[in-house]
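First chain A sits with chain B, and in the next complex the same chain sits with chain C.
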Partner chain A sequence: MSQRGIPMRHKPLMLIVVCVFVVLLSGCWDREELQQLSIVSGMAIDKGSDKIKNRYRVTVQIINPSQVSGGQQGGKVQASPVTTFTETGSTLAETLRKISTKSPGELFFPHLQVLVIGEKVAKEGIEDLFDMIERDAQFRVLFPVLIARGHATAKETLEVTTSLEAIPSAKIGDALKTSEEDWGTYKSTRADQVVQGLKEGSVMVTGIKIDGETKSGNATTNTQQISPSAQIEIKGVALFKNGKLKNWLDGHAARGVTWVTNEMKRTVMNLNCGKKKEATAIEISRAKSSTHVTIKHQKPVIYITVHAEGAVLENNCSKDLGKSQVLGQLDEQLEEEIKQEVLLTVKKAQKQKSDIFNFGEQINMADKHVWKNIESSWEKDIFPETEVYVNVEAIIRRTGMTTKSYLNK
Partner chain B sequence: MNSAWNRLIRKARKPKKLSPQYEETTSIDKALHSSLAENLTKVKNSLGNSGDLVVRDFKMGKPFLCKVASIYINGLTDKEILGNSIIERLMNDVEMIEEEAPYEPGQLGTYIKEHMLTITNVVEVTNFDKLFLHLLSGETIVLVDGWNLGLACSAQGGDLRAISEPVAESSVRGPRDSFTESLISNTAMIRRRIKSPNLWLETTEMGTITQTGVGMMYVKGIVNDKLLKEIKERLSKIEVDEVQGSNTIEEWIADETWTPWPTVFITERPDVVAGNLLEGRIVIFVNETPTPLIVPATWNQFFQTAEDYYLRWTMASFLRMLRIVSFLITLLGPSLFIAFLSFHPELIPTPLLINLAAQRQSIPFPIIIEALLMEFTFEVLREAGVRMPRPVGQAVSIVGALVLGEAAVSAGIVSSAMVIVVAATAIASFTIPHYAMTDATRLLRFGMMILASFFGLYGIGLGVIMLVAHTCSLRSFGIPYLAPFAPIILADQKDSIFRFPLPFLSKRPRLVSQIKTKRTDDNYNRGPSPREGGMKQHESKRDSDET
Partner chain C sequence: MEKAKLSVIQLFALMFIFEMGTALVVSYGTNAGKDAWLSILLVMCGGIVLFYIFYFLFRQYPNLLFTGYIREIFGKYVGWIVGLLYCLHFMYICGRNVRELGDLLVSSTLSETPLLAINLTLVLVMCYVIHLGIEVVGRTAEVFFVILLLLGAGGNFFVLVSGDVDFYQIRPFLEHGWKPILTTAFPHLLIFPFGEMIAFTMLLPYLNRPKLVKRAWLGAVISSGLILSWMFVLNTSVLGIDVMQRSVFPTLTAVGKVNLFDFIERLDAIVVFTLLITVFFKASIYLYAAVIGITDLFKLNSYRQILFPIGTIVIFLSLAMASSFSEQGEEGFLVQYLSVALLIVIPLLMLVVSIIRNRFKKKMN
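Up next, the complex of A and B:
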C-alpha cells in the first residue's frame, strides 16, 4: 500500500476527502416534508384560448389527504376530497409551474393515477404533450392515458364526483382496470405505450365519457344521489395517426384490436343458437394471439393466429352441452365469431389507412429489405391493400355446474 | 504526534505512586514475629483496629502450655466450623496434648496443624502479606506464641446469595440455574456439567487493592494454545487497583475499544458457559460477579440462545432468523421510515401515502425531529424503568403509555404512524437475546436516523456499508468477528443462522478450536474419562441383557 498508491501518512486525509465527496457529490437534495407536497392524482389537458400563447389548459387534481383517509380527523367540516387547479400555457412545464401560484405545496407527480386529454386537443395532435412526461424524473410513465370523448372537456371529466371512491382520478383508473380485465374490449394505454406509438405513427387510446349532465358532476351533491346525475364511463378506443385523433372504434371493432394485439385477458362473447340470436354466453378466460408475416411477390401477407379458451357462462338454448358433438359445434361457432371481430377491426383500420396493430414492425422483422422499399408508402397505399388471414382456434373447457339447461324440453 | 500520544498513554497507564503514609500501612512485607503479642498488635494496628476484626486469644493446656490466638473477620467466617473445629479442639483436648504434644513452640505449631485442627484446609503463612490475604479472604488465622509461623484455616462462611433463576436469559425447557457472585460456586456449576479432568481452572488475584479472585477456565486439548497464551498475556498487562465486576477485565482485554459492537461475550447461564468451553472458548470468572466473560466472541454468538439447543431444530432455526430480522428492524426501522417519507414518497403505495400525509398534516416538526423526539422519549422511559425505585413503577408506566403515546398523537405533536414505528422498533429490539448487542444496536439506530434524514436511502446505504466494513475489520482475540460469514466457512453455517439437527453438528467452530474440531474424537483423552466409563457401563449392561 505504502509503496504504490497513496502513501500511508496521507491516508487520513484521503479518507476525509472521500467522505466529503460522498456527502457533497451525492446530488440528491430532494428532501421534502410530506405535508409540503401536493399529491397530484389526476391531470387533464384541454385546448387553450389561443394557438400561440395559451395553447393548453392544464388541470391538476390534488388530493386532500385528511378527507380521503379514514379515522382520526373526524368531526371536521366536510370538505371535498380533492381540489383542482387550472392554468393555461403553451408548454406543459410552464403551465404546471404557473399552477404553483395557486396550489399550497410543490406538485408531486409520482402518484399520478390518470391523464385525461380533451378530444379537441387530441384532434389537433398530442405529440407535444409527452416530452416533459418522459423527460421529467418526477413522472412515472406507467399511468394510463384517456381521451375525453364528446362535448365534455377533460377537466370536467376529471371532476365528476363518485360516491364509491373519494378521488375521481382513482375511480377512473380503477374502472379502466376492471373493464380491461373483465370486459376486455377497451384496453388501457400507458403513457410509455403512447410515447412508443407516437414514435411509430399509430396509437390507440381508450376513451372516457360523461353520462348525464356534465355540470352536476363537479359537486359533492352528485355523490348524494343513488343514481348520480353525472357518471363517467369508459367508452371506445381512439385511433391516432401521426399524433392526431382519426377515428373512434366501439364495441366489437374495439375488441378486435385487443384480440390482435394480444392484450385480451377476459371477456364474454354471445353465440347464436339456431334461430335464437345471441343465446349462449361464453367467457373467454385465456387468450393468446400472434401475428406472422410472409412476403409474397415483394408484398407482405399477414397471418393472425388467435388461441382462445373459454367456459360456458349462460346457455338459453336447448342444446345439450354434455355431448361432445355439440361442444365441437360451439367451438367452431366461437372461432367464427372471433374471426369476424378481428376481420371487422382489420378492415376498419385498412379503411382508415392506419396501421394500429403495428404490422409494419412485423414486416420489418420478417424482411427488412422489403420493408425499406415499402416503408414510405406503407400506411397510405400498401396497408389498405394487404391480404390479412385470420386463423382462430377456440376451445370450450368447462360448461359450468350443469350441462343441460332447464329450457331443455 | 504519534509518539507524543504514546507517551501520554504510557503516563496515564503508569500506576500512581501511593502516599508515603498509606504505603507504610499497606506494604507489610515483614515476616511474622515469634512473639504473639507483637504479632497481634501489628495485625490490629494494620487494620486500624477495625470493628469487624475479632481476636480471640486463649491459653492452651491445663497446666499452662502456650498462648494461642485465633483471628478472623466477623461476617466472613462460618462460626460453627470455627467453634467446633478450631477453638473447641484447641481448648478442650488438653489431655491429649498433655500426653503427646511437644513443648517446643515450633513443634507445637506443627502438631496443631497435623493432629488437632479438624478442618479441611490449613496453610502455613510466613509473612504479614500472606496473613492479610488469607485473613481478608475469610480464613481464620491461628497464631501460637513463640512460633514465627501462622496457620490459615479455611472456615469461610457468611451470607451468600443462593443460586437463582436467570434474569436476563430465561429459557422454557433448559436448566434454571444461573451464576451467583461466588467464584467457587460458579466454577462448581461448570464442574458439575463437565466431568472431565481436562477442564482446567487457573486462578489469580487482580486489583492491587481489591485483590479480586479471577479464574480462567478452559478445556485442555480443545482450546487453542495460542489463544490461551494470548489471553494470559493480556490478563497480565492489566494494571488496576480495583476490579469491580467482569467489565473491568472486559474493557482491559478487549481487542478494539473504538467500536459499537461487544467483542467479549457475557452470560449468566452455566449451560452456555459449558457449551462454549466445549467449543474451545475460554471463560474468565471474576469473583463477586455473576456474569463471566467468554472469549473469543463472534457477532453470530449474540443472536443465539441456550434455548436454541433445547428446542426442536425447526423452531430453533426459525427463531434465529426471526432475531436477525428483528435486529435489522431495530437498526433500520425508524431510519427507513424517515428516508421514505422525506426523500422517496414515490416509493410508498398511493393509499398508504395519502394516509401518512393526512396524519402528518398537522404535525409542526420535520419528520426527523419527530422521530428523534419519540425515540428519545422511549429511551428515557426505558432508562427510567431500570433506575426508578420499584414502588413508583406504575406511575411511570401510566405516564409513559398514556401521556406520551396517546396524548402526544391527539395533541398533534407526533403522528400515530411514528408511534407505531417506534413501538415496533422497541419490541424488535427486545428479541435480541444479549443485552450488549441490544445496546450497540440502539446506539447505531440514532446514527442511521441522522444519515437517513440528510441523504435518504443513499445515506442508509452508506451507513450500512461503513458498518459492515468496520465489523469485518474487527477481531476478537484473533478470530474474525463476523465468522463464519466473513470469512465464509461453509461447515459452520450449520450452526449459525440455521440450527441443524444435533447429529449433524459433529464439528466445533473452525476458527475457535483449530486443533480438535471433531467433537467425538476422543484420542486426546485416553484416560479413565467419565464418558468412557459411562460407555462401558452401558455396554456391559447391554451384554447382561442379552445373556
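Up next, the complex of A and C:
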C-alpha cells in the first residue's frame, strides 16, 4: 500500500478505518433473526363481514419449529405443529400487517406453500388478491392456489390436521402434486398462472374440499383416529371468468382440461368390454397434445391432437389381450374415450364463453390480422361458435404380467 | 493524463461489461412488444455506425481525450463549454446507474436499508478503484468478465432446463408491424446502451495498441447486442410479454421462477450479482470519464485531487435526482432528448466539421 501513494504516517489511520469497516460492512439493516420469524406455510382468504372495512378475512398458518423438527418431546404436552392467526381488513397488505398484533414475530412469506381462497370470495371476484403477491418481493409466485369448495371456509380447510404430514398446508401441497402426477385430473395452478389468466379473462383454479365433519378438523384429536373425521380432498377445477367463479368442472370434464393443455402426466381410464361397462383399466403413462389453428374464411378452426401411450392395468374381461388385434380394438376405444373427454370440456368452456385454453393466443400466432379483427368479440361471440376438431392417437404398449385374464366371461 | 496502459482484452472486457450494465436487468425495449429482439438487433447495427464516427475522430487525434479534440474541432471556447457539458452528462449518468442499482437492491432484497447506505458504499469502492488507476479498473474487469460469463452461463442453463421456457410466446413475428420496432429502436435503444459507449472515447488514448480498438469495440457491440437480444427472447418466453411489460426488473422475475426439483431455486442472487458487477464497472467508467474530463478541461495536475469531491457529488446526485422510482424512469425519457444531442448529433457534427477542416488543410497545402 505504501508504494501506492499512502504514506507510512497514515498507516495507523488506515488501520482504524479498516477496523471500522469490518464492523460496518458485516452488519446489515435487513438482518432477520431466525427465531424471531414467523414462517408462514399457508394462507387462506375468506370473505369478511362487510364490503369495505372488513372486506377480507385472512388467515396465516405459521409453523411451530420445535414441534416439526422431531426429536423426543419428553413429558411435555404436545403442542400443535402449526398455529393460525386471523385478521380482517380491506386490503391484503393491511390485513397481514394487522396480524402482527397476534403473532410473535414478523411474518415471513418465502416459504408459503399454498394459498386457499374461500368460495364466497371467489364468486365475488379474486382480481384484487394478487397485486400484492406480485409486487412484494417477499412472495414467490410459484405456490399453488386453491379454491375451498362447499360450505367450509378457506380457513377451516387450511386447518384440517393430518397424521402423516404435520403441517396441513404442506399436506395440501403434497396431495395436489401427487394427484396431479398420478391421477391427472386436477392440474394445479400456480399464482403466476392465475395472474396471467386474470389478465386474459379466463382462468382455472383447482378446488379443495373437506371430506367429513368440518368442525372436528381443527384439533389434534382428528389425527388420533385411524379414519379421521375430517380429511381434505382435491376436488374439481373452478372456472373463472373476469375474475369471478362461474362454474366447477369435475371428473371427466376436468380431465379434458389437462388433455388439452398438454399437462397430462399419468392417469387411469376405464374402457367397456362388450356389455360389461368400465371393465378394463388402462394406465396412460405418456401423453402429449398440441393445438393447431387454421383460418378458413376469416374464421379460426381449431385442431387438437392428442398422443397417448398406455398399458393395461386391470382386465375384468375374457378378451385375450395377447392378440394384437384385440389390443388394436382397445386402442380405438381408448381414442374415442379421450376424444369424448376433450370434446366434453371444450363444449363446457364454449357454453361458458370462456377461453380457458388460451386458444386466442394460438390464433394470434397463426394469423395476427384475423386475430386483430376478432379479438374484441372472441370470447363472447366467436369462441362459442368456433369449430374444434379433436384427433387422438392412442397406443396400448403392454399388458402387464399376464395376457389373458382368468375370467371366462 | 495519467500514464497508464490498457490491453485490448481489458478494453474489450470493460466495454462488454459496460454494455451489459443495467440493460441486462432493467426493462429494456419492451415498448416494441414481442419484436423487441429485432429492435435490439437493428440498434446493434446503429451502434456499429456510431462506432465508425467515434473511430474516425479517434484516428484524427489518437493521443487526445474526447474533451481534448472537441476543443481542437470546435475551437477553444465553444469546445470547452461543450466538453464540460459532456463531463456533467457523464456524472449524471453515473449517478443514475448508482441509483438504479440502489433501487433494485432496496426493492428486491434489502427492503429496509436506506438508499444512502448502498449508494455510499458503492461509490466509495468505485472511487477507491479509480484512485488506484485505470489499469487497475481494467485488470479487475478482466477477472469479473470471467465471473460474469460463468454467472450468465449458469443462469441461462437453469432457466432453459427449468421447463418454464416457451419460445412460442414471442410469436407472432411483427405483431404490430414495423412502426413500434423502429420508434423504440431509434432513438431510445440506440442511446442506451450503444450510444453510451461515447464514454470510452475518454479511455482510448490509454490503449497500448491503438490499432486494435476496432476489434475490441466492434466485438463488444456485436456480442452485447446479440446477448441483449437473446435475453429479451428468453425472458419473454418465460414470462410472456404481458408480465414482461409490467415488470420493473424482468430478468430478476424470470430467473426467480426457476425451481428445479424443489432444490435449485431462488436464483435471484445471480441476477442481483450480475447487476452489481455490471453497474459497478459502468458507473466507474462514467465516473472516471467525468473526472478525467474535468482534469483535462481545468488543466489540473492529477485527477486524484478531484476524485473524491466528484464522487460525493455523484452520491448526492444519485439520491436527489428523483423522489421515486417512477419519477426517475420518466426523467430518463426526458434526458433522452439531451442524450440524442450529446451522443449522436454532436459527434456527427464533429465528424462533419473535421472532414471539412481536413479538406481545407489539403487545399491550403
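FYI, the second predicted complex is superposed on the first by the 374 of 409 C-alpha atoms of A that agree within 3 Å, B and C clash if a C-alpha of one lies under 4 Å from a C-alpha of the other, contacts with A are read in each partner's own complex, and residues count from 1 in each chain.
Please note the rule applied: a contact is a pair of C-beta atoms (placed from the backbone, for glycine too) under 8 Å apart; a residue touches a chain by one contact, two chains touch by 3 or more.
Here the structure is a predicted model, which is why all the values come from computation and not from measurement.
Legend: residue contacts after superposition of the two complexes on their common chain; A:Lys368 is shown touching chain C, with no touch to chain B.
Of the two partner chains placed around the shared chain by superposition, chain B is the only one that A:Leu37 touches, whereas chain C remains out of contact. Contacts of A:Val22 after superposition on the shared chain: chain B is touched, whereas chain C is not.
Legend: residue contacts after superposition of the two complexes on their common chain; A:Arg140 is shown touching both chain B and chain C. By the touch criterion stated above, A:His111 is placed in contact with chain B alone, chain C being left untouched.
Of the two partner chains placed by the overlay, only chain B lies in contact with A:Ile63; chain C stays clear of it.
Once the two complexes are laid over each other on the shared chain, residue contacts for A:Lys199 go to chain C alone; chain B is not touched. When the two structures are aligned on the shared chain, A:Leu271 is found in touch with neither chain B nor chain C. Judged by the number of chain A residues each one touches, B leads among chain B and chain C. Within chain A, the residues touching chain B in one complex and chain C in the other are 28, 30, 110, 138, 140.
Of all the residues in chain C, the ones that touch chain A in their complex are 107-114, 117, 121, 132, 168, 171-172, 174-175, 240, 242-243, 256-257, 259, 265-266, 304. Residues of chain A touching chain C in their complex: 4-5, 25, 28-30, 110, 137-138, 140-142, 192, 195-196, 199, 364-368. If you check the complex, the residues on chain A that touch chain B are 22-23, 26, 28, 30-35, 37, 39, 41, 63, 65-66, 68-69, 72-73, 108, 110-111, 113, 138, 140, 170.
Remark: chain B residues 341-343, 345-346, 350, 353-361, 363, 366-367, 416, 453-456, 458, 462 touch chain A in the complex.
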